[in-house]
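The data blocks that follow each hold one structure.
One chain, chain A, appears in both complexes that follow, with chain B as partner in the first and chain C in the second.
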Partner chain A sequence: MNILICIKQVPDMESKFKINGEGNWYDRADLAWRMNEYDEYAVEQAVRLKEQVKDADLTVLCIGPDQVTETMKKALAMGCDRGVHIADADSYKREPIEIASMIAGFAKDKNFDVIFTGMQSQDRGSAQVGVMVAELLGIAAVTTIVGFAYDNGTINVKRELEGGSKALVTTTTPVVLTCQLGLNTPRYPTLPNIMKAKKKELLTLAADAGSVGSRQETAAFYFPEKKGGGIVLEGDAAELADKLIHLLKEKTGVLA
Partner chain B sequence: MKTLLVAEFREGKLRVKYSQLIAFAQQQGSEASMFLVGSPGDLPQFNGPLYLADVAKYGEYNPSVHKQLLLDVIAKEQPDQIVFHHSSYGWDLAPRIAVALKAAQIAEVVAVEEGLPVVPVCNAKLRRKIKPTTAQTVLTLQAGAFGLEDDPVGTPTVVAIDADAAGKVQCTGYEAAKIEGVDLTKSEIIVSAGRGVGKPENVAMVQALAKALGGEYGASRPVVDAGWVEHNRQVGTTGSTVTPKLYVACGISGAIQHLAGMKKSEFIVAVNTDKDAPIGEVANVLVVADLKQFLPVLTEKLNAL
Partner chain C sequence: MEFTREIYWNVGHGFTTLAPMYGLLLVALAVFALGFLKRIKVYRLGQPLDRTDQRGERIKHMLENVLLQTKVARVPGAGTAHSLFFWSFVVLFIGTTLIVAQADFTDLLFNVKFLKGTFYQLFSLTLDLAGLVAVVMLGALLTRRYLIRPEGLVTKTDDALMHGLLFAILLTGFLIEGARMAVTEMGTPLAGWSPVGLAVAKMLGGLDEAGLRSLHVGLWWLHLVLALGFIAVIPYSKFRHIVTTSANAFLADRGPTGKLTTVNLEDETIEKFGASELSDLRWKDIFDADACTLCKRCQDRCPAFNTGKPLSPMQLVNQIGEVAFANPQANLIETIGRDAIWACTTCRACQDICPASIEHVNKIIELRRNLVLMEGEFPGEEVMAAMEQTEVNGNPLGMGYASRGDWAEALGVKPLADDPEVDVLYFVGCYASFDKRNIAVAKSFVKLCQAAGVKIGILGKEEKCCGEPMRKMGNEYLYQTLAMETVELIKGYGVKKIVATCPHCFNTLNKDYRDFDFEVEVVPHAVFLEQLVASGQLALKPEAFACTYHDSCYLGRHNDIYDAPRALIRAAGGRISEMAQNRDQAFCCSAGGGRIMAEENIGERINVKRVEMAIATGVEQLLSNCPFCLTMFEDGVKGANAEEQLRPKDIAEILAERV
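Up next, the complex of A and B:
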């Protein structure tokens, strides 16, 4: 089987964000970076599929500036066979359709049986790229999967719906699957596997962004106005506890 | 301006949140029509044309079939915007429509400011206002961002639609949500554990605080996904929606899907090391502290009362 996994490098969401000079995205300086959480489930599922079918080749693909290769190494250490980095320092500005076109452009003549993506990226959060890749390639897509089983070309997945119910969905390869939280428990790369990953192929390709133009522009990028009104307590734990108990007595009936 | 609203039908029922779509069109002062693969016996309250494909013939969600039905209506109706919920139906179907139309797609719209849609970035820590540069746009609306004051009224003019399409993706059934065990919707005090608890052993601190307050403990999704807390205690869009007198969120960032399940609580306390965590937007009190230090002290003091 030939399998592609698309991953994105995103900042830690607990970071203190600043707005960049162009005023169209967050400033990329001084942030801690990691693999998009949803994509960890995608990588893990691909590795498990390989463990099941044995004969499989896993390509992990990431579009972004050079620093994304650090995150790609984690995917290689988790068990992907090769990495393809599409070098694009402007990737942060690109819309989902542009990213999807770049991925589809890479994938179109490579006959991937399964393409795993995350259901959404944590920073942009558009939940578009995976489905768009499938539509551009003219193949099936199932989104938001929380269960996966493969049997001889048939794929049975569970799609998560609102309120905790699930749709049972059957499809065949080739297919794009977008992975939701809880699909599996992603493994931690072991030290020997981290060492092995250093020797795996990690190819860098130049971005060819010409095929699809932009369909939207950022008109403004800003921090939401703090509606707040809430009380913020800071200080020593014992003091904080006293203050909070006082507030609970004053404003709620729960300690009565 | 013309808006086509895409309503949802699932497991034999019309999904009532279609009123949020109507609210959006009204807020824009836009002429609206609606699309639904549903049942003639379960129609939305809506004054306007309703393009209806009978679910008895087309079945519940099949992406290729619903895409074709919708594209036919778009070709006929020529709407300026096609509006979906940002839901498991909307985020699956909308990108397919956007690709086919070569239209801009703007996901998870939370507001419209000066005529332009606004979306959250980075767990709602930032916002982006977007100007589409295509004539048609495809939008998905964040759950709860738009709403009507009163229940919608009206009777649609039904236009029956048909299409010839088949797809490789087949829905073969549904699995119901598990609901055994504790029912958090009945609890008056809930203390929830988020990923900030760090390790499974620390869930005990949250349980101890819940006990000291005489309430139940709950959790955010990652804590449930990791198996540290059972699923029936999950709060949020894919768990329970709760409205206790007191909700204490410990190490929970405040993602929209969590907020949707608890923001109507009467009094909200958040314990978080990140002063800018989005949970601060709904919290009556934000305690900026490491929960590992703070929770035991608070619990001890409460037990001593």
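Up next, the complex of A and C:
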């Protein structure tokens, strides 16, 4: 079984974000980096599938500047067999179709049975790359899976739909699956696997978006405007009541 | 008349006595040696470890511990009784040896007798009283074990054997003496020098001389067989502690206190980390089980055990022993149980009080290392998340690393990256950097340094977790990654002295980092401030207040720092009402051993229990010296519904209010 896992390196969401010089994305300074949360579910599910079928080869693919190989090492330590790094310092500017074209360009002649990826990235959050890869490769795609079972070529997944309802989908390979929170709990890599990961094949390819050019342009990039905020009132009960009445009178029409 | 007595009186000193006597002795010694040879084979199932260095120090430590009973006597009651019994038994042993020396050697070969005159009078009296003390202490211990039955005391057949045999030996000894005296010493001035023997002789007064003589000779042989049987049975019963516990004082860890072994992660031949089987442990870990006397002092003090968690340090040590001697292939982690392994706070209460020099904590860490490094297992998902947060942001709280130094911006304290010319580097730690309550402590410390004219700098966003909670949780890999980065960073700035407000940081930098070629002086804030106050560099305006003081495990038991913090509190005008469990007996706050990252899901909450102990002192302030303790106590006062009653504070805060 030939499996591809597409991952993205994203900033930790607790980081102090600043807008970059060009005003079209966040500044990279002072950020801590990690694997996109949803891609971790993808890696974990792929490793579990390999543990189930035994005979499988897991390729982890990541697009971005050289530092993304740090995140790829975690995927290798979790159990992926080889890594493919598509070197692209401008990946942050690319729109989903360009990223999907790069992935499809790599995958088209590799006969992957299953392609796992996150349902979206934590930073851009377009949720389009996975489905676009499937479309470009002409294979099926099932998005936002929260359950996965493989049995002799048949894949049963549970999809998360709006309003808390779920859908059960049966499909066969080849297929692209995009993973959602709740699918699994990603493992913590063991030390022998971390050591082994250091010696695994990690191929770097030049970025080639093919004929697909960018069609979108970021018009502006800004923090949400600060609107109001909470007030904590302090004092004893009588005092608090007075303050509250005063506020309600002054700022709202409740007591009018 | 000459004060002496005929040795071998009524028994005879000929071949018919000596041959069977020494024959039996040889048999006893052979059985004894064979027993230990068998056990040594089992000890050797463990990994090698050198515990024969620093021989002079080791011998001194052993003599102190064995002959002076220093550790045994730390616990009054049972400890006192054991010590007195031990000393009296030693006196009896020396007495018997002197008799053998005179009768079978000096007298037999050179016609020299020394058991006579005043020396014999004192000899007789001393032995007689030693026997009495031994009987009384044995009786006290027997009453404790079989009638009082303290909670948690494990009593086995071994204990009945020990009590029975020792009683029989002492009793037959007195009866032999009594029978001999009834025939030879009644009415002589010598009789008074054996008061207990005389009393027994009077009790035997109803017998005629022939009866006394046959009683005497019969009991003499019985006494001999019992005494030799005692020697033979040592390796096969709990009596073995006479040898193993004494030896363990020699083999004890020579420190630094609580320092763990640093795994060589560069060595690619190592395929297994930590311990899941007996053969992964070191021989000393197996020997420890043999040195354990089940005195339960560790269990009595263990914060996990005393709040209903499935960890008893005593049981854990003995489970390793059972596996070693009965089923060496068994999986240790399954035998001991994960909940027990994760429950330890590494507070060292067990190891500190142990009279048998057993090392409980490093065994638990080895088991954890196996779970974490080989299985990727943690006590809960929250701990795994904290590990991942530390990998990404350098702190287990998951805060963005770049804001680590934000708290200091308005105080005029700069990162070394901006200004490396400082008197001391303040290693802030994760909690004082990010946690609101502990930032207040960091600010107080800065205020004190500034008042004393000490220029401090921080590492700011370059600082990362020292790795202590991760290491204690078993994640040696993450710890070493953090340690090596921090060592390189600090050395790069040419820092001369480091102060930490967190005892976990202090202990780690000051002990653990020494394995990474790190030599910078590291001081905990309590000691640093105490020196400033004592030298007059930091002037305080004392203001009277009442408080209780909690010794954090890592300043207290791990580093023996008990007086400096108390001196500081007094210098600030504080009157300390000590909790019942203070200093080396202090009860942990629950957050050590990496437990700061874990939920406490089993049993009562340790921090609430400690807060209740503080409330019992009747004061309104609970002072400590550790951000983990402070965090747990802030939580504990809520758990104990005592937010109005007790305010937890760091010593630095109290001082900062008085400059």
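In the analysis below, the second predicted complex is superposed on the first by the 228 of 256 C-alpha atoms of A that agree within 3 Å, B and C clash if a C-alpha of one lies under 4 Å from a C-alpha of the other, contacts with A are read in each partner's own complex, and residues count from 1 in each chain.
Basically, contacts are C-beta pairs under 8 Å (C-beta built on N, C-alpha and C of every residue); 3 or more make two chains touch, one makes a residue touch a chain.
Note that this is a predicted model, so its numbers are computed, not measured.
Asks: Check the residue A:203 against both partner chains and state whether it touches chain B (first), chain C (second), both, or neither.
Replies: neither
Asks: Going by the contact rule set out at the top, does A:149 touch chain B (first), chain C (second), both, or neither?
Replies: Neither partner.
Asks: Output check: A:89 vs chain B and chain C. Expected answer is one of first, second, both, neither. What do you get?
Replies: neither
Asks: Give one of first, second, both or neither to describe whether A:181 is in contact with chain B, with chain C, with both, or with none.
Replies: A:181 sits against chain B, while chain C stays out of touch.
Asks: Which of the two partners, first being chain B and second being chain C, lies in contact with A:169: first, second, both, or neither?
Replies: Touch partner of A:169: chain B, not chain C.
Asks: For A:194 in the superposed arrangement: first (chain B), second (chain C), both or neither?
Replies: After superposing on A, A:194 lies in contact with chain C but is clear of chain B.
Asks: Name the contact category of A:16: first (chain B only), second (chain C only), both, or neither.
Replies: In the superposition, A:16 touches chain B and chain C alike.
Asks: Which chain makes contact with more of the residues of chain A, chain B or else chain C?
Replies: Larger number of chain A residues touched: B.
Asks: Touching A:223 in the superposition: chain B (first), chain C (second), both, neither?
Replies: So A:223 only meets chain B here.
Asks: Based on the A-chain superposition described above, do chain B and chain C contact any of the same residues on chain A, and if so which?
Replies: Residues common to the chain A contacts of chain C and of chain B are 14, 16, 185, listed in rising order.
Asks: Provide the residue numbers of chain C that touch chain A in the complex, in ascending order.
Replies: Listed in rising order, the residues of chain C that touch chain A are 265, 268, 271, 273, 372-378, 381, 384, 387-388, 392-394, 398-403, 461, 476-477.
Asks: Under the touch definition given earlier, write down the residues of chain A that touch chain C in their complex.
Replies: 12, 14-16, 30-34, 185, 187-192, 194-195
Asks: Report the residues of chain B in contact with chain A in the complex, numbered from low to high.
Replies: Residues in contact with chain A: 10-11, 61, 63-64, 86-88, 91-92, 94-96, 98-100, 102-108, 116, 119-134, 167-178, 188-189, 213-214, 221-222, 224-226, 231, 234, 237-239, 245-246, 253, 266-267, 269, 273-277, 280-289, 293-294, 297-298, 301-302, 305.
Asks: Residues of chain A touching chain B in their complex?
Replies: Against chain B, the touching part of chain A is residues 11, 13-14, 16-17, 19, 26, 95-97, 119-120, 122-128, 131-132, 135-136, 140-144, 158-172, 175, 181-182, 185, 214-224, 226-228, 230-234, 237-238, 240-242, 244-245, 247-248, 251-255.
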